[in-house]
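Take a look at the structures listed below.
Look for subunit A in each of the two complexes below; its partner is subunit B in the first and subunit C in the second.
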Partner chain A sequence: MGTVRGCEIPEDLMYNVENNVWLRKEDDGTVTIGMTSYACSLAGQIVSYTPKGVGKDIKKDKSAATVESGKWVGPLKSPVSGTVTATNEDVAKDPGLINKDPYGSGWIAKLKPADFDADAAELKTGSDALAAFEEKMNADGFGGC
Partner chain B sequence: MNPWLESVAQVEALEDLRLDENLVASMRERWSGLSGSQVGRMNFYTPSFRHHETSELSTCGKNAFPAISITGGDCKLQCDHCKAKILEPMIPVRSPEELERLVDGIVADGGRGLLLSGGSDHQNVVHYEPYFPTVRRIKDRYPSLQIAMHTGIATRDFALGMEDAGVDVAMMDVIGAQDTIHQVYHLRRTVDDFEAALETLVNTRMKVVPHIVIGLHYGQLLGEWNALEIVQRHLPSALVLVVIMSQYASQSRPFATPPAEEVGQFFMDARAALTETPVLLGCARPSGVHRSMTDAYAVMAGLNGIAFPSDGMLALAKRLDREVFVTPSCCSMIVGEEVLAMGDHSDSIPLDHIPAAPKRQNRLRDIPIVLSA
Partner chain C sequence: MQGPGSGRDMSDHHIGVSWSVLDTGLHDADHNMALDRALLDAVAAGDWGPTLRFLRFQDSALLGHHQSPRQELDLDYCASEGIQVQRRLTGGGAIVFDPSQIGWELICLRCHLPQGDMTTLSREICEAAAAGLRHLGVHAVYRPRNDIEVDGRKISGTGGVLEGEALLFQGTVLIDLDIPRMLRILRVPVEKLDAHAIRSVAERVTSLRTLLPELPSMTAVQEALVRGFREHFGGQWEWPAAVTVPESVTRRLPQALAEVRDPDWLGLQDRPQEEQPLRQAVLRTSGGTLRAVVLWDERGQRLKQVQFSGDIFVQPSRALVDLEARLRNSHIDELDALVSRWFTNDVVDAFGMQPEHFVAVLQQAVEDAHAPCL
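Take a look at the complex of A and B:
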């Protein structure tokens, strides 16, 4: 498990660092996306999760869900274009799950990608991702998780 | 199909929203009979204390109007809906000297105003009196710094003290039901005391912006219409409506979330009652789908402004032929809902098109506003 300024950044995932989103390619060709622990730290306790419905087509860098905390409201921007295949019922019941387990049970959406290879080329992983997050945190003046 | 519902369906962000057809029909019918200087104009704004981002607009990320509590997190009242939680994120100060030092720093950092707040005593009085001379010095030193103050129940002397100190905007909650005052606020005060306080504040030179909390009686609407009548009798600079948020309440005295349809009905009544006074939807309201529904009803009822609008509201307002303006937080005259009350729209950007297929452009300093292609 990689760590940047106290924030867990698993090195086996792919990231859109600017949008603070992770992506995992599943064996069946779908992708799972979610908020990074860094994003969770910025947002604070999340109180609301409003995903786009199953079957919706989402363009890359457009909202797959709106999440809300006391001091932050914003979209979870999908790192790839695709069709929503699942939303997280557990998170709908308990949005705080996103904070508790952002890379596991707190996932935001599952999608069938439209052109994974093209979109994924812009994502970072491994040590490249850790370096990019360090740079982003530095630019943001972020003290740490 | 009701053309207003067709307009909702045409906004991508709202295409899954299920609104009450009868209420929408009623709003449309009532809207057609309304006239007044405040009917038809909407201002969307994003106060800077909270990050807010939709496909239509976002905050700039800089808190230009911080909130300060002169009691830190302490409040004697411990009202059932709040439990002093609203004070927790505010900057605590414990003395006039500390306030003065803090404000010097805020101004040096580019702050343009501040909200003075604090917890009440058992009589719903926030004891600002020791701070009045300091506030006066601050206003003399920084005349353009806008100062808003949350008051509890203000007496005439207290109101004059605020005025002499140079407070620009006075804010208070107006409660219209005796049972709510007793049971929710644990307060031995009367509805008349709240009305007298509003009257006293309105009789000063300050801008006065009362709030009505919808669903204040454990999630039920009880004194809201009476509160609206009180506001009608003592016309303030603007009225802010907020919706009770249940998460701060204890499990022993829980609050329900009022149905969005009931909230929308009250919006319509408030609009009809105050056609010459700005009526705004403030920051506090339940989140998620309820929030989108509430905001859509606020647009349809013809409220004059929405803080932190849900995605799609600018497009809906344009589709309903409202005159739409956007006030980015960094340009706001003062904390959130008081933007319109200040009567200065110089920082507002008129929206002359329906936002669709948005792409980002930068306008007005560094504030990202999403505009259509």
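Take a look at the complex of A and C:
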């Protein structure tokens, strides 16, 4: 498990660092996406989650869900284009799961990618991701999780 | 999840920012929401700069972004009275607007404001707006998490949306307050159940008309807010306000209007009232009788609203209202920690009533069971 300024950043996942989103490619060709622990730390306790419905087509960098914390609303931007195949019913019941387990049970959406290879080329992983998050946290003036 | 980075960064890169001040006047709710969307998109795209916008609404009920119309509003009453129903881009609870109220909002990039997490940003903006209201002669201060209050009574509620680097944070200024009408529009059973409904709201909410011997003009309220933002954030804030919406915003307006008029926008969340029941309990202790009414989110296991009453005596006198504010939208698992923190940090003296009594009556209310005598 990689860590940047106290925030867990698993090195086996792929990231859109700018949008603070992670992606995991599943064996069946779908992808799972979610908020990073850094994004959770910035947001605070998440109290609402509204995903785009199953079957909806989402373009890369467009909202796959909105979340709310402390009266702030923010989109979770999908790192790839694709069709929503599942939303997280457990998170709908308890949005705080996103804070508790952002890379596990707090996942945001599952998608069938339209062109994974093309979209994934822009994502970072491993030590590249850690370095990019360090740079982003520095630019954001973020002290740590 | 507050980290060491949650405090305000004292870098002053935002201080030289030049802010446009725009008064878009009185519009219906669709138009105002579409202007929010268009302004946010224009700022995000770099087509327009940081802006303080003043806005007014025809009679409207505005839902928080994630709220369900059926759960929050008396839709039949709204339809019969011609009250427009819209969904905000921003979070928080439902609010009622009429043409006498003033809305204010900042639309800008993160770099135009002090660095920090969302809590820090809320505090910074609310403190600036509160400083502005103080220029009108009211003792307005920021109350966590997102309110501005005067002597324990809310005068401005706020909420925000953050999309990448662009944000919109908005608030209201209660100029006057028609409590019976507000109660009819909002589905506020916590108050509706109370025989002293109006007094109950009046103890928690206030307005400039209540506080000042003479009501200031809309322009005076706007000017005071501009002063507050200028003093708090520095930079240039144009005054008087412009009234012409820039072309980079108006060209985005037709699409934005189509979005907010699409039934999918208002139907984004549509849950039945039954998932949000009203629960109550009474607890008798040596310190007095404590009654709690809870608007309970069964699905999310959250206390949407809490109201305490009874023959208890608590110091400082505003402590109970503060606790209600802290508990709003809290998860049942957070109850112990939130009540303990309130009791300790606010140095509350409840004259025989202990934190566990407040927790117990709320838990009993949620379980909809009769609280035992403790």
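Operating definition for what follows: the second predicted complex is superposed on the first by the 144 of 145 C-alpha atoms of A that agree within 3 Å, B and C clash if a C-alpha of one lies under 4 Å from a C-alpha of the other, contacts with A are read in each partner's own complex, and residues count from 1 in each chain.
We adopt the following convention: a residue touches a chain if its C-beta (ideal position, glycine included) is under 8 Å from a C-beta of that chain, and two chains touch if they have at least 3 such contacts.
Not measured: the values here are computed from a predicted model.
Aligning the shared subunit A places subunit B and subunit C in steric conflict.
In the superposed model, A:Ser48 makes contact with both subunit B and subunit C. Look at A:Thr32: by the touch rule set out above, it reaches neither subunit B nor subunit C. In the superposition on chain A, A:Gly74 makes contact with both subunit B and subunit C.
When the shared chain is aligned, subunit C comes close enough to touch A:Glu18, but subunit B does not.
By the touch criterion defined above, A:Asn99 lies against subunit C but remains apart from subunit B after alignment on the C-alpha atoms of chain A. Of the two partner chains, subunit C is the only one touched by A:Cys40; subunit B is not. Of the two partners, subunit B and subunit C, it is C that touches more residues of subunit A. In the superposition on chain A, the residues of subunit A touched by subunit B in one structure and by subunit C in the other are 42-43, 47-48, 50, 66, 68, 70-75.
For subunit A in complex with subunit C, the touching residues are 5-6, 18-19, 40-45, 47-48, 50, 66, 68-75, 77, 92-96, 99, 137, 140-145.
Here subunit B touches subunit A in the complex through residues 16, 49-55, 58, 89, 247, 287-289, 291-292, 308, 311, going by the rule given at the top.
Looking at the complex, you find that subunit A touches subunit B at residues 42-43, 47-50, 53, 62-63, 66, 68, 70-75. Interface residues of subunit C, counted against subunit A in their complex, comprise 1-7, 9, 11, 64-66, 89-92, 110, 115-119, 121-122, 145-146, 158-164, 268-269, 299-302, 329, 331, 333-334.
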